[in-house]
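Each of the next two complexes has chain A plus one other chain: chain B in the first, chain C in the second.
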Partner chain A sequence: MLISFFVLPLISMFSLSLLDGLPPGGTFTLDNYAMVLNDRYLSVLWRTVSLTAQTTFVVTVLGYSLAYSMVRFTKRTTLLLLLIILPFWTNYIVRMYALINIFQNGGVLSWVLNLFGVVDETMGILYTNEAVLLGLTYVWLPLATLPFYASLTNFDTDLIDASKDLGAGPIKTFFTVTLPMTFNGLMAGIVLVAIPAFGSFVTPGLLGGTEQVMVGNIIDQQFNQAFNWPFGAALGIVISVFMILLLVVSAMVGTRAVAGRGGENT
Partner chain B sequence: MTGIGGRLERFAHEYGVRIGQITTVIVILALWLPILIVAFMSFAADGVLSFPPSGLTLDWYFVFLNNDSAIDSILTTLQISIVATPITVALATMLSYGIGRYDFRGKDTLQILVSLPLIVPLLVVGISLTLFFGSLQLGGGFGPIVVSHVIRTLPFAALIILPTFLSFDQSLEEASKDLGANEIQTFFQVTLPNILPGMIAGGLLAFTISFNEFVYTYFVRGTGVETMPIYLWNQIQYTATPEVNVLSVVFLLVAVMMVLTAVFVTNVERIAQT
Partner chain C sequence: MSILTIDDLRKEFGSLVAVDGANFEIEEGEFVSILGPSGSGKSTILRMIAGFENPSAGTITLSGEDITDQPPFERDTNMVFQHLALFPHLTVGENIEYGLKQRDVDKAERKESVEEMLEMVQLGGYADRDISELSGGEQQRVALARAIVNEPEVVLFDEPLASLDRKLRQHMQFELQRIQEETGITFLYVTHDQEIALSISDRMVILNDGVIEQIGSVEELYDSPTSEFVADFLGDLNSISARVSALTEDQVTFTARDLDFTYSRSELQIPGGISLQKDDQVDLCVRPYDTRVQREAVDGSITGTIQNRMYRGNETAYVVDTSWGEFLVIDEEQTTDIDIDTTVSMDWDGSNTFVYAVEGS
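So, the complex of A and B:
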């Protein structure tokens, strides 16, 4: 059943991307891929890559710190885990709407900034690049924290003490012992964030407005407004190629079990 | 140890724990503050979302309850989720039974296939499904939406149910058969009671995901069917009054109740690893 309802659709997307019209009418063409290289779409592609890289970086640093503190510095892990997974199971659009409440003109953020006298106006940051970055970070942080947490729990923390007994400081211990020992979990978290971030369209659609579009928004337009499905399918293939590249790279640097872990990836 | 490296190490030694704990508190607060603000603003007396509100009121809850299209979207969502969830749990149980009990060719491939929808961006699967249903002349509507929800929820349910098969003692099944019970009796009297908590947790999470499902539904639905997340999306695009915050509170309550129940019947580590 999965084969018929999952693999076949992906194949039909690929075959449509090579046609100039909807079947049974279309003939073979590579024009859809040539169109991707148009300046307008290249700049969207570049913004997508850049936002994905920034999101993944911020999420990895914050998520790993959080997971590390949970494993090493606190006893209330069950409560903390619950506090991390509950927002993650909350509706994605609700979480975006929550950020709209904060970012928009006259919203909470501008109120706070006014309170501290930082700005005099009621301008929010909605529809900016920063809003999209914060939005992506907000939704993917819990997802990355969980594999980091899992790999840190499995890692024998006696090794940290051993390293310190042998004279290494905490920073040296972290980079020569802890980080290498939890490398697989680290890669799993990075892949799990980078792939859905690259394919996101809800976040840039709601927080980025018409300026900060990502590839996903162009696909949405092609399918629901412009009705150029073959071009939308070609962009879908672009996202798939990015995903496959990332999976191959992570497999090459030694990640196992990425496929066995998952999460929501809107 | 001297120089800047040594000083950094000493700083990390002295303040590392404190900094870690403060980071934890800040990140957890950052995760929850937006959610709390959305809930708070559902009581805002003004028709706009400027902060702070001039007063608090329950009016928006009554507006919401009298809004037929909002209530209809909830009923539509419930219909879809109530049909999709049992199908998902049944399929996930069969899959887990097969993977947990038997060795067969292609087992690894099957496991990867089940978890693939977790990794592939929802958007890609969404448009693929649209094209696929289009090529089958099925168009949008209730049936294709249910199928897409089953595909979406199956990996989550399978990941919850599979460990219950792997962890439970198979000699119990053999004992049951030795005592004269057949395959089917053994399944219902021995296997099922043991895997039931996993099935319930898997079902609760499948229901939660289906109830919140947006991307697949958005692409597959065609026109006509409006689930609650689709309704929410449309509202945010055009008007954003505190009534949308009321809708958000409904989503929050459903998710919190479902996940807490799932955690209660299994445990938090299991749910976190899904």
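So, the complex of A and C:
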């Protein structure tokens, strides 16, 4: 299973990326990887990394606060969880077109902003960095909230009482007890968001237009429009390496946190 | 002056009254238990003292200061939690110094205090261990050290020993008493286990259904319980309902169904100083240890059949099935040897008989 669905495609991608034409023709070359280092693609790569980092940061802060309030401040958790999962039942593309409606010039967002006098024009934010960031945040927020929620419900709230009992105020308690105790859930949520955000192409394609291109869009173009499959494959391999590095780092940080400090008790 | 004073403390959860007007005082350096069955509100009282629950009414005073509205992190109390609540992401030493860190004690001093505490709870050299490496008993000691290292006015215990096996629990009881004597810190221990409460505390507060039944020294409560509940809770009770059928200057006769029991008035235990009147409905109560059992059915005494017998090492307990219900008889001298299904009769002395008025009579 693992071999046929994960390893074989990766190997065929890798061999494809080393050719200068489509199989069965094509000879061995490293040009595809050299092309990745081209300024245009490097800037796309940089934008992808930066957008992923921004998305992950915003999603983590929002998602953690959301999960925290759900666990600590309300009893209607089931209803709220349902509301969080609800967008998953709507088609991704449909949701993107809904966002286009909101973001475009004269759209809902500019109308609301006008109402409150924030901006005077009817200019929307479609095809900007912010549009892509908001779109990605919207899509991946629910996915990250779930592991945050799971780790927050699983941890013993007696520990919070114990911390307060020993003289730590609410903020101190959050940073010395709650955050470290839910660290693994936090990492899981971050990885769950960072990986698909890094490879996304529908959201930047629809909300970012031609300006806010991410690596995913370039790969999409290479395969579907330029028919330069080997170069697309090379970019794909580069992304995969990024992803694997990210996973290794997060796994290392995670195990150190667990192994070094005894992990979960009970 | 008392170190902790509870005044008319009340706690409601919706329509449920968990604690209904509790009053008590604890002197500095005392070891006091709050004893009551599950759901009697004892943990709620403890959590209100610690600051985790807000009282619906009443005040809590700690060393002369009204702390009723203070958040837990400002109160000079520390708690040993039922499930200990040690921080699993910190080492033993870091757990113990957590409270000191919050008070900005400097590092060298913290380290010294932690070492000192570990010595006191006999875990010297454990500072760098992980919590998960410790046994249940060792975790108890760490939880205790984490509370007393801050030298609070009162240490609160929420039945932490309940999860230990009997032998380890008894050992920890001695340890608690020793550490309390060494540190002189006031201990308030909540439990449903009368055995623990009787053996470790100086005084006990007996709680039933959110109401304090009786407060007193261990001896007082055991020897002269003011209510049937307290007597029954502290060591079981055989009880029959009876009517006062005849009263003379120095004798009382109780009639229960067709049996008459006549005792001298002076020897009866009548707690609370109630004065008996003719036709009063009362409960006559005797402890299992003070009940005697003999093989023959004797006229005018309660008879039944032995339903069960249990050897408990140094004593034999009989469960006697009678038309009055089950009686428990404990023979400490083990002078009897009666088989199951034997018909027996029971009797006891007037001096061991508690008389409680039945409410509503």
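Here are some notes:
Definition applied: the second predicted complex is superposed on the first by the 248 of 266 C-alpha atoms of A that agree within 3 Å, B and C clash if a C-alpha of one lies under 4 Å from a C-alpha of the other, contacts with A are read in each partner's own complex, and residues count from 1 in each chain.
Everything below uses one rule, namely that contacts are C-beta pairs under 8 Å (C-beta built on N, C-alpha and C of every residue); 3 or more make two chains touch, one makes a residue touch a chain.
Note that the structure is predicted; figures quoted are calculated from it, not measured.
Contact comparison for chain A: of chain B and chain C, B touches the greater number of residues.
In the superposed pair of complexes, A:Leu146 makes contact with chain B only, with no contact to chain C. Contact with chain B, but none with chain C, is seen for A:Leu80 once the two complexes are overlaid on the shared chain. In the superposition on chain A, A:Lys172 makes contact with both chain B and chain C. In the superposition on chain A, A:Gly21 makes contact with neither chain B nor chain C.
Contacts of A:Pro196 after superposition: chain B is touched, whereas chain C is not reached. In the superposition on chain A, A:Asn91 makes contact with chain B only, not with chain C. Legend: residue contacts after superposition of the two complexes on their common chain; A:Gly232 is shown touching chain B, with no touch to chain C. In the superposition on chain A, chain A positions 169, 172, 261-266 are in contact with chain B in one complex as well as with chain C in the other.
Put simply, chain C touches chain A in their complex at residues 50-52, 71-74, 77-79, 81, 83, 85-91, 98-99, 102-103, 130-133, 146, 150. Of all residues in chain B, only 1, 5-6, 8-10, 12-13, 16-17, 20-21, 23-24, 27-28, 30-32, 34-35, 37-38, 41, 48-52, 91, 111-125, 127-132, 134-135, 147, 151, 154-156, 159, 205, 208-209, 212, 214-215, 219, 229, 232-233, 236, 240, 244-245, 248, 251-252, 255-256, 258-259, 263, 268-269, 271-274 touch chain A in the complex they form.
Of all residues in chain A, those touching chain B in their complex are 1-3, 5-10, 12-13, 16, 22-23, 62, 65-66, 68-70, 72-74, 78, 80-87, 89-102, 104, 106-108, 111, 122, 138, 141-142, 146, 149-150, 169-172, 191-192, 195-196, 198-202, 206, 216, 219-220, 223-224, 229, 232-233, 236, 239-240, 243, 247, 258-266. Only residues 156, 158-159, 161-169, 172, 176-177, 180-181, 183, 257, 261-266 of chain A touch chain C when the two sit together in their complex.
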